[in-house]
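This report concerns only the one structure given below.
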Amino acid sequence: MKRLVLPIFLVVALFVTTGFAQNLTLGFTASNTGAMNVDSLEQKRGFELWRDQVNAAGGIKAGGKSYKVQFVSYDDESNPKRVQQLYSRLILQDKADFLFSPYSSSLTATAAIVTEQYEKIMLTTGAAEGKTYTLGNHYLFQMFTPGAEYLKGVLDMLKTKDPKAAIAFVYEDASFSVSVVNPAKEYAQKLGFNVAFSEAYAPNTTDFSAIIDKVIASKSTILLGGGHYADGSTLAKQLYEHKVQLKMITLLVAPDSDKWTELGDAAVGVIVPSQWEPQSAFKPQYGPSGADFAKAYTAKFNAPPSYESAGGYASGLILQRAIEQAGSTDSAKVAAALNATDITTFYGRSKFATEANQHGLQVGHAMVLAQWQKDKSGKLVKQVVWPLAAKSANLVYPIH
Amino acid sequence: MSGILASMIDGLLIGSVYGLAAMGLSLIWGVMDVINLTHGSVIALGMFGMYILFAAFPVNAYFLLLPILVAGLLLGLVIYWISVHWVIGRSQLSSLLSTFAVNMMIIGIGTAIWSTSPYNVNFTLRGFTVGAYTFTGNHIAAATAAVIIALALELFLYRTRPGKAIRAVADNREAAELMGISSTMVLALAFAIGIALAASSGALVSTLFPFTILSGAGYQMKSFVVTVLAGLGKPLGALAAGVLLGLLEGAVTPFIAVSWIPLIEFGLFVVVLVAFPKGIFTRATA
Amino acid sequence: MILRRPVFWLILIFAALMAFIPFHANDVSMREDLILVAIAVILASNLNLMIGYTGYVNFGHIVFYGLGGYVGLYLATVRNWNLVPASLAAGVVVSLFALMLGMGILRLRGAYFALATIGVLLAVQSFVANFDPWGRSTGLYVDFSAYERLGGARHALWMTYFLVIGVMALSMILSLGIKISKFGLGLFAIREDEDAAVVLGVNTTVFKAIIYSVSAFLPAVAGALMFYKNGMIDPSIAFEFMLSLEGIVMLMLGGKGTVVGAALGGGLYEKLRSYLLTSPKLSNFQLVIAGGLLLLVVLFAPGGLIGWLYRLVPRARKVIE
Amino acid sequence: MTPLLEVSGVSKRFGGLLAVSDVSFSLGEREILGLIGPNGAGKTTLFNVVNGVYKGDKGTVKFAGEDITKCSPNQVVHLGLARTHQIVKPLQDMTVLENVTVGACFGREYLALKPARKVALEVLERVGLAKSAEMSARSLTIAGKKRLEVARALAARPKLLLLDEVLAGLNPTEITHMIGIVRDIRDSGISVFMIEHVMQAIMSLSDRIVVLSFGQKLAEGRPEEVARDPQVIEAYLGDPDIAEKLKENN
């Protein structure tokens, strides 16, 4: 009989504790299949790590109750049509209390219409385009620095090295990269650079030889652009194979991933505007430190976190804090708490615009620039090179 | 060296791979009047075949074409038996749909195994450089391999008994049967060769660009364009049309944004179809 | 007379139920599922006019849906038109486009026509992706304020739903009307043997162009409504080749050439897909299962579900059209 | 009186082959005109030029006073010129009745569906297919399909009917039946222009006969005149069987 006591005790204890803890349902879709598969996965892992840590710590405590976080998530196939159906389902059938956005600006824009209709809060991560926030919504909160900011730092940095450089913009013809490149082009001209070449390529492009020939013909020494992982990595590889004599290459999103090292020598020197890097040593007012986050992440997924992972985790964190501040899971109260949020976590500062014409736009977060460099042992590592205050290594310029 | 010339050489190199891909489609279409919609997914399988083989045997990737050709033949027989054999003689829509169904299944299984993440074959041959322009060794090797395979097929079709049988069946299936050629065997063989060609072109592409299980679709579309330009059942014609398409892309790109290329290409495709329903390289007869 | 056909009344009852049940239960989730079913029925029914009635396989049918979406959304958001006139205008514009296009590509027969439709789809997609007024590949977005004009988002969505159901009912009635008309008889003659049809006096050139144009109208209207509901459109979702092909799968599943078959196939396929997509175990294999199903239908039941029913109960032919 | 059909100087070339060369003839009201000639003489091509399937390279075709040289086949039907095919072209998956209704709907009178169906039933009765009205065309025998061809053409209410070898492939009983149908057609006031290889039949049916050989008109006249024509007999030398039959008819 004695042998049974412990199990029985445990089962009873489990019942008792779960009786006290309520469940909080968070819904989102991820691109388990489709074009955004690589980028989306890292964000999803960020969500999952946050959930596991919150639940291990006893859940979110608000208004005297504690809530265990549970996820409901579907595969959106990277398809906006599915996104709407699935977000409706998350809200209406699965009774999700709060939502995270899918990955990518265009999927988020579609999901936002549904979440807004049902007055559900959605934290958007992996969706940098700013236009969505000008459409007049109340329950959308952006975790990423908006697209217009992505390349400003690069241009500022370049100004210090080569103020007359000829720049080629080569970018994916998609919501996100267009929202990044258009303001960047204007800014480059304002700074007095020579924009020698600018061309968008179709999202599924794999053969860049034609564009590369044109970049060479334009005599540009700087290349800025890219889009997501698949196209960005290919572009970098082919630039290398065609031995294009560039002094600087900056690509969006793709070089942040750990998989970038698979490119070997083609990866060297490429810069990525990043929402977050493990080297960023922000002093968190809330949540874990960057080092702790990175360690836990690497332990769980056997790969270092990308900024999408950090964004995913931070979304959870910011939501968690807002619920705690609101002392309730009521949408309106949590939204008010989010509106009032201005806090620094491991991910950096987060603050949302509250003006009606751009409600929810991220205005607190700042970006860094990371560059792939070879360390002494010849191993590829990603170093923060900008802003100078946060740098972990000096910029290598020119690459060759 | 001028940009246009460089761009056209790039076009020529990639065009021969388009041509090889189209040869498979054209052969099957010409011989058995089946528009093989598994073409794209087989090209993708060829890519992954190369990826797997290269991971296991990191030798010169172009030596691995041979096992891929053999595997392609076997795969072709399997696909033939599953999707085509039963609908021979039925309306064209039947084979169109049955091959499309198999295409969906291959993509589905492929997605379950490899997801839709991009893969790379990390094999690089040294290229050669003229001025600011560099032509990669892989492109040159792939183009050479494509031409060799095309010539081998031509020899096979015109110099060997099974090859002649395929041509006889393509010409007139009933007459060929009267002459004692088993059309089922010949059709299966032609289909298998078509699939093997598609797989090998996929393998070649995998040494040039990253790929996902969905990557075949784009090459399938190009194969349609090339096949229509070339006319049916003419392997060397398909190769020539592929090269022509590549050259055209190369010649046009320096002057317009690359994003307009599909419009030009598919616009041309439709116009050529309407104007020369039998292909440019075939003289129209009444 | 169409009023004497039992199927006509079945269509009306079916559409009325589809509109009423989710509204009565205020079940928005059901509405979202059903609107996709309705869209599938619209696409399959109108595709049936080409494939089932006229025997021309259109691989690029989705181009009408996407263009309709673009024209409708452009008028509704950039030009501030009301939803209903914008959708109707989309239908008219796209039908005219189809008419002109049809004059050219309908000279092709069989597989060549099918291939040309793929070419058209890709060419149009590429054009739209480079077309500045339509936002290039970024597409067009609906401002939330547009919903205010329709009495708020929730109201606007119900309204779009009823309109889509209306378009669905019209699609089926159109299919039925054409099937029992002289025009339909001419189309069937073309399907069976185009050369014989000409010699029998059917003006095949005109008939084909008209049906191609007609088959574009309701999908274009539906596209305008659906993308308005989605709140955005871009070239990759507007001209999804896969969806075009799935339309053919739906038609084969239900039974091409029949009014009920097209609708049934569209509805069932969409239901199956939704189920597979949200089922955790099967979601990876939804393509495999759908493909396998299609293969079985093509190999063993080329008449689809309705064809199978006809063989089982020959008298059904009289009622289920 | 102007003839119903007037073909003058028609030529048709395929690549290097002159299939029809400068052929002229005419056909009157209520007349049965036979068209004979060895295989490959260009008979069917001539039919195709007359009803607009092919555009002739030279010459004109006039029908009921109108120039139909440039008309398409469907326009020709509306004017009252219907035809059958040598290789039958049934609308396979439609019923026999539907097949014939197509003919009536898009024929000379361009009838609405309901009256067209009535006409179709009448015509089916006339050709003896009434019992098979609800069968699918696919399931008819070859004789049935030949009759269906005739019925569809008749349903168009033509003034002139072009019959392309309606007797070929039929057994003697079926031939007799079909000959009866053709006579009946003529008696109802419709002119007939027919290609036939069954010599006895065409000799007895035709009022006049035109003979083609290598695309050229060899002879024209009453059956017995034509059969006696040495040129005609020589043209058929390649086919001794028919040459024999021609002689028998004398």
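Each chain gets a letter, A, B, C and D, in the order it is written, and its residues are counted from 1.
Assume a contact is a pair of C-beta atoms (placed from the backbone, for glycine too) under 8 Å apart; a residue touches a chain by one contact, two chains touch by 3 or more.
This one's a predicted model, so the numbers in the text were calculated from it and none came from an experiment.
Identify the chain whose mean C-alpha position lies nearest to the mean of all protein C-alpha atoms shown.
Centroid comparison flags C as closest.
On a CA-centroid basis, which chain has its centre farthest from chain B's?
It is D.
Using mean C-alpha positions as chain centres, tell me how far chain A is from chain C in Å, no decimals.
Taking the average C-alpha coordinate of chain A and of chain C, the gap between them is 37 Å.
Could you please state the distance in Å, as a whole number, between where the Cα atoms of chain A are centred and where those of chain D are centred?
Averaging C-alpha atoms per chain gives centres 77 Å apart.
Using Cα averages as centroids, what's the distance between chain C and chain D in whole Å?
43
Let me have the rounded angstrom distance from the C-alpha centre of chain B over to the C-alpha centre of chain C, please.
Centre separation, chain B to chain C: 32 Å.
What positions in chain C touch 2 or more of the other chains?
129, 137, 284
Return the residues of chain B touching two or more other chains; collapse runs of consecutive numbers into ranges.
Only 111, 257, 259, 261-262 qualify.
For chain A, give me the residues that contact two or more of the other chains.
Those would be 32-33, 173, 200, 202.
Give every residue of chain C touching chain B within the complex, in rising order.
Touching chain B from chain C are residues 51, 57, 104-105, 107-108, 110-112, 114-116, 118-120, 122-123, 125-127, 129-130, 137, 241, 245, 248-249, 252, 284-295, 298-299, 302.
So in the complex, which bits of chain B are touching chain A?
Its residues touching chain A are 3, 6-7, 10-11, 14, 111, 115-118, 120, 122, 124, 127, 129, 132-134, 136, 138-139, 208-212, 214-215, 218, 249-250, 253-254, 257-259, 261-262.
Please output the residues of chain A touching chain C within their complex, sorted ascending.
32-33, 74-75, 77, 79-82, 84-86, 88-89, 92-93, 106, 109-110, 112-113, 116-117, 131-132, 135-137, 173-175, 178-179, 200, 202-203
Please give the residue numbers of chain A that touch chain B in the complex, ascending.
It comes out as residues 32-35, 37-38, 173, 199-202, 204-207, 209-211, 213-214, 216-217, 229-230, 233-234, 237-238, 241-245, 262-264.
Per the contact definition, I'd like the list of chain D residues that touch chain C in the complex.
Where chain D meets chain C, its residues are 51, 53, 72-75, 77-78, 82-83, 85, 89-94, 98, 101-103, 105-107, 110, 112-113, 116, 152, 156.
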